[in-house]
Amino acid sequence: MKIKLGENSYGKNAVQLSKIIRHPAYHEFRQVTVNVSLKGDFDEAHTIGDNSKILPTDTQKNTVYALAKDHFKHSIEDFALYLANYFVTSQAQVDEATIDITEHLYHRMVFDGVEHPHAYISGGGEKRTCRVIKSASDVGVQSGITDLLILKTTDSGFEKYIRDKYTTLKETADRILATKCEIQWTYDKLPADYTAQFNGIRELLLQTFAGHKSLSVQQTLYAMGQAVLEVYEGVREIHLEMPNKHHIPFNLEQFDIQNQNEIFIATDEPYGLIVATVTRE
Amino acid sequence: MKIKLGENSYGKNAVQLSKIIRHPAYHEFRQVTVNVSLKGDFDEAHTIGDNSKILPTDTQKNTVYALAKDHFKHSIEDFALYLANYFVTSQAQVDEATIDITEHLYHRMVFDGVEHPHAYISGGGEKRTCRVIKSASDVGVQSGITDLLILKTTDSGFEKYIRDKYTTLKETADRILATKCEIQWTYDKLPADYTAQFNGIRELLLQTFAGHKSLSVQQTLYAMGQAVLEVYEGVREIHLEMPNKHHIPFNLEQFDIQNQNEIFIATDEPYGLIVATVTRE
Amino acid sequence: MKIKLGENSYGKNAVQLSKIIRHPAYHEFRQVTVNVSLKGDFDEAHTIGDNSKILPTDTQKNTVYALAKDHFKHSIEDFALYLANYFVTSQAQVDEATIDITEHLYHRMVFDGVEHPHAYISGGGEKRTCRVIKSASDVGVQSGITDLLILKTTDSGFEKYIRDKYTTLKETADRILATKCEIQWTYDKLPADYTAQFNGIRELLLQTFAGHKSLSVQQTLYAMGQAVLEVYEGVREIHLEMPNKHHIPFNLEQFDIQNQNEIFIATDEPYGLIVATVTRE
Amino acid sequence: MKIKLGENSYGKNAVQLSKIIRHPAYHEFRQVTVNVSLKGDFDEAHTIGDNSKILPTDTQKNTVYALAKDHFKHSIEDFALYLANYFVTSQAQVDEATIDITEHLYHRMVFDGVEHPHAYISGGGEKRTCRVIKSASDVGVQSGITDLLILKTTDSGFEKYIRDKYTTLKETADRILATKCEIQWTYDKLPADYTAQFNGIRELLLQTFAGHKSLSVQQTLYAMGQAVLEVYEGVREIHLEMPNKHHIPFNLEQFDIQNQNEIFIATDEPYGLIVATVTRE
C-alpha cells in the first residue's frame, strides 16, 4: 500500500497578547492567548520540503498582533472571526483556519464601592474561551469556559450504583460535589453580542449547579446543559467535562472522634471524569 | 575534620484538608494545605537509623486531620498556632515546630445580590498564607498573601537608569506594571483577629499599588511595605517579592502601524525579580 | 427541538500504579498512570439520576489495582487489552471501554558496567503510551511516545516560504531543530511483542530525525512517519505532533559581537505546532 | 520607630540560553537557565525612585547572552564565576552578585554504539545546578543536582518509631524508597575541574543510595552526605532535601488477594520531606 499524507495542520500556539483600550473614563485591559491552526494544500511541504505554500508560524504570530490593533475591540469571538476570515481569504492555499482564544480575566480594583480607572486584579484561574473554524463556505463558533472551579457542600449524593467484588465505596446521601469544569457550546445562530450571551450562559450554569439536588455528577452535568439549551435557542449543543475533585471524609472514627461530614481529604488524583454533550434531536 | 550532622528538619508537606463548618444559615467551606516541619534531637535517626525519637510524617498528617475537627474554626494562624504548640508540647524531642498553612480561597456564589448558602466558586489563584514557628520559649507568626496577580495600565515608568554597552531597553514614562506578588509580614504584637488584620493589610496593599505614581518596581514595592508599617503598629516588618510580569510593546511600526501603548506581548520569561524587606529601625 | 443526551462517557483518570516484579536475579520496577473511560447505556443516569447502570469510578480504580496483580506482567498494551476486555465483558451496559496507559520509565542504575539488581533512576520526561479501545465486536490498539524531547544543531533550514507584509522572519539554511514529540501509531495487525515493536519504532524515529536533511519541520515529520510505515507493515498509520521548541539566535551584532549560530534564546512560547498523520492509501 | 529598607536585591530570572560549541568532530549543545541577583546601594531607588544606580534587569539579561559567547565554554560554575565577577567589578554600587545556573542535560543520540555528531536527546528531568555568590572580598561556590528521581525496591525499612494515639502507619522491614532529591554542596577549596568533580560526586551519591541498608530516609540521606565528605576533602558541607515519594501497598486483601509487596499506589501528596546538612566539625 502506498504511503501518503493524511489529515494535517500547522500553526502558532500560545501567542500571548495584551491590549489597553483607552476609554475616556478608564482603561480597559485585556489579555488573551491565541492559537492559530491552518489546514490546506500543504502536501509538498511534507513530501519534498517545498515551502512555497507555507505562511510561517512567525508571520501568523505577527499577524495576530498587527490585526489586534484595529480588530480586537470587543469579544474574543469577534476577534477570532476576524482572524480566521483573514487567513482563509488572504491565503489561497488555506482551506480552513481554526482560531482558539483563551481570555485571562481581570477585574478593575474596587475601593469603597468605586472601580479604579486603571488598576486591575486577576479574575483567577477561570478563563473564557472560544474556537472559530472557518472555511470558504462555512463558519462554526464555539464559546466556553475553562478551569471553572465550583463546589457545593450539600444537596449531592451518590447511591444505588452497581456493587461488585471490587466495590469498597460507601453510598452517601450527602457529600461535597466539587468540579473544575471545561464547557463549550456551539451556536446555530450567531448572537449579536457574544459577551452578553456568555455572561447569561455562565450565570445560568452556576445557578443550575447551585440549585440542583444532585444524585450523581452525570445528573448535574445534564441539568446544566439542559438549562442552557432550554433558555438559549441559538445554542445547538453544549459539551461539558466535569472532573470530580474528590473531598473524601477522613476516617476520624479510628481515633474515637466523630466525623459528621466535617473533615475531608482533598485529592487531585485519581479523579472521576464525566464527559457529555447535551444536544437537540 | 570529623563529619557531623548540621541543621536538619523533617515533616509532612502538602496535607490537603477541607472542612465544612455548618452555621445555622449557611455552610462555611474552607480548604487548606498544611506543611509540618520539626526540628529537634534527631541525630541518631541520621547516624545509626534509630527511629525511637521519630514521630512518623504519616502520624503528623493524621494529627492535622484529627485536630482540625475542634481547632480549625477561625483563621489559619489560629490553627497553625494550635498545631505548632501541640507538636512542641507533646513531643519532648521536638525543639521547634514550623507550621505553614496556605488557604485556597472560595467565595459563596451570589445570585441577585444574595449569597447562596452552600454553593461556592474558587477565589482564584491568590492564596492566603501563614507560618508559625514555635519553640518552648518563643513563638513567631507570619501572615501573607501569595500569587496575588495585579497590574496597572499607567502611572508607571522606568527612566534615568544606568546605561552601558549592553543596554537596549528604552526609557518609558508610561508602561504597564504587572506583578504576581508574594508578601509576608511578621507580627511583633499578635493581633486578636488575624482575619480582620489580613483583610485590612491586603486592602491597604492594593490601594497603595493602585494609587502609586511608580518610578520603578522598587519604589512601588517600598511604598506598599511602608504603608503597612505606618498603619499597623503590630507589624514588625514586611517582606515583598515582586516579579515583573513584563508586557512589552509589540513593534507595530515595522508594519507602518502606530502602537500608542496599545498592543503588548505578555511574557513569563525572563522576568525581573525585585525582593525587599521593609522594616523598622 | 427536544433536548437529549449526545455522546458521553465517564471513568477514572490518573490511577497511579506501581509494581515490583521479582525476578530471581533482580527486581523489575514499573510505574504507570491508567485512565479508564466507559461508553454505554448511561442515559438514565444523566436524565433521572438512576445509578443502577453505573459502575463507580472508585470501583474502576480498585479493579485496575486488583487486576494488575496477575495481568500486568508484560507490556502496557497487554495490560490495557486485559482491562478493556474485562470492563466490556463483565458490564453488560458498557458498549465500549477505552484504556489509556502512560508508562513512566525507569532504568536500573549501572555501576562499572553492571546493572544494579534493585536501584533505579528515572528515565526522564519521555514516556511510553498506549490506548486500547474495545467494544464487543472490535478492538483498536495504539502505541506511542510522549514528551520525547529531541534536537539537532544542524542539517535543518527553513527557506523559500511565503513572504507578505507581516513577514519578519529571516530565511536560514542552518538552524537548530528542536521538538518535544507526541507520537501514536495504530496497528492493523497486532504484534506478538509490543515492547520489541515499540523499541524498534522508537529507534527508527530517532535515526530518521537525526539523519534527515530538514527543509522544514513538516518534511522531517513526514520522513519520520514514512520510515515507520515502510518498515513496519503491521502499522496502519502514525500520528505525529511536533511543537517547534524555538532556539532563536540572539542579536549580538547590536553589541559588535558576531553570532555565528552560537548563542540562542531558548523559548517556550509562542511555538509553532506541526501536526500530521502519515497513512496508507 | 522609623521605617527603613531592610535586606533587598533585584535581578533577572529565567534567562534561557542555549549554545552550540562547534568541535571539529561534533557539535556540543548546552542549554542553561541563568538567574542574576544583585545586592548593593539601592536605597534611593526604593525610597525616592532614583534609578541612577540601577542596572536594568533587561541589561543584565543582555549581558548574560553577550558574555556567553566567549565565557561559557566549560562548566556552569566557570560561567557563573565569570558573570558574578563581571557584575561586581563593573558596577561600583553592587556589593554582591549571586548567579544561579541550572543546566538542562542533553545526550548525543547513540546508534549502534556510536554517538551522533549533532543529534541530541533530553537527559530528562534531572538537572545540574550551581550558585556563585561574589563580593569584592569573597566568593562562594555551590554545585548541585536537582530533580534527581531515584528509587530502590528493597533494602529499605521503617520501624521502631514513636507510636501515639494518632499512629496508623504499619511498621515495615521492606518497602520502596523513592525520592526526588535536591542536593547542593559547598566547596572550601575550588576544584580545577568542576565537571569531573560533579560527575564523581553524583556517582558516589547514587552508589551510596543503591547500596545502603536503609532504616529511614534520614539514615540514607546522612550516609549519602557522609560518603561525599569522606571522599571529597574540598567539599565543606552538603545539603540534601529528600521528599519521600511514597509508594503505598494497595490493600488487595480486601478482595481476598495477597499483596506480597507487589502492587502499590504511587502518590505525590502528601509527602514526607527530610532535609539536612552534613558538615564538618
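Every chain is named by a letter (A, B, C and D) in the order it is written, and numbering of its residues begins at 1.
By definition in this document, a residue touches a chain if its C-beta (ideal position, glycine included) is under 8 Å from a C-beta of that chain, and two chains touch if they have at least 3 such contacts.
Every value quoted in this text rests on a predicted model; they were computed, and no experiment measured them.
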Most distant chain from chain C by Cα centroid: B
Result of counting contacting C-beta pairs for B-D and C-D, higher pair: B-D
Duplicate of the A-C contact set - from B-D, A-D or B-C, the pair where over half of the pairs recur: B-D
For chain B paired with chain C, centre-to-centre distance based on mean C-alpha positions, whole Å: 37
Chain C-chain D separation of Cα centroids, rounded to whole Å: 29
Rounded Å distance, chain B centre to chain D centre (Cα mean): 24
Shared interface positions of chain A, touching two or more other chains: 16, 62, 66, 166, 168, 255, 267-269
Arrangement of touching chains [line / ring / star / complete / other]: complete
Complex interface listing, chain B residues touching chain A: 16-22, 27, 29, 31, 62, 65-66, 68-69, 106, 109, 111, 116, 118-126, 148-155, 176, 203, 206-207, 209-210, 247, 250, 252, 255, 257, 259, 261-268
Interfacial residue positions of chain A with respect to chain C in the complex: 1-16, 35, 37, 42, 45-59, 61-63, 66, 90-91, 158-162, 164, 166-169, 214-219, 221-222, 225-226, 229-230, 237, 243-244, 268-281
Residue numbers on chain C that touch chain B, as the complex places them: 165-166, 168, 254-255, 267-269
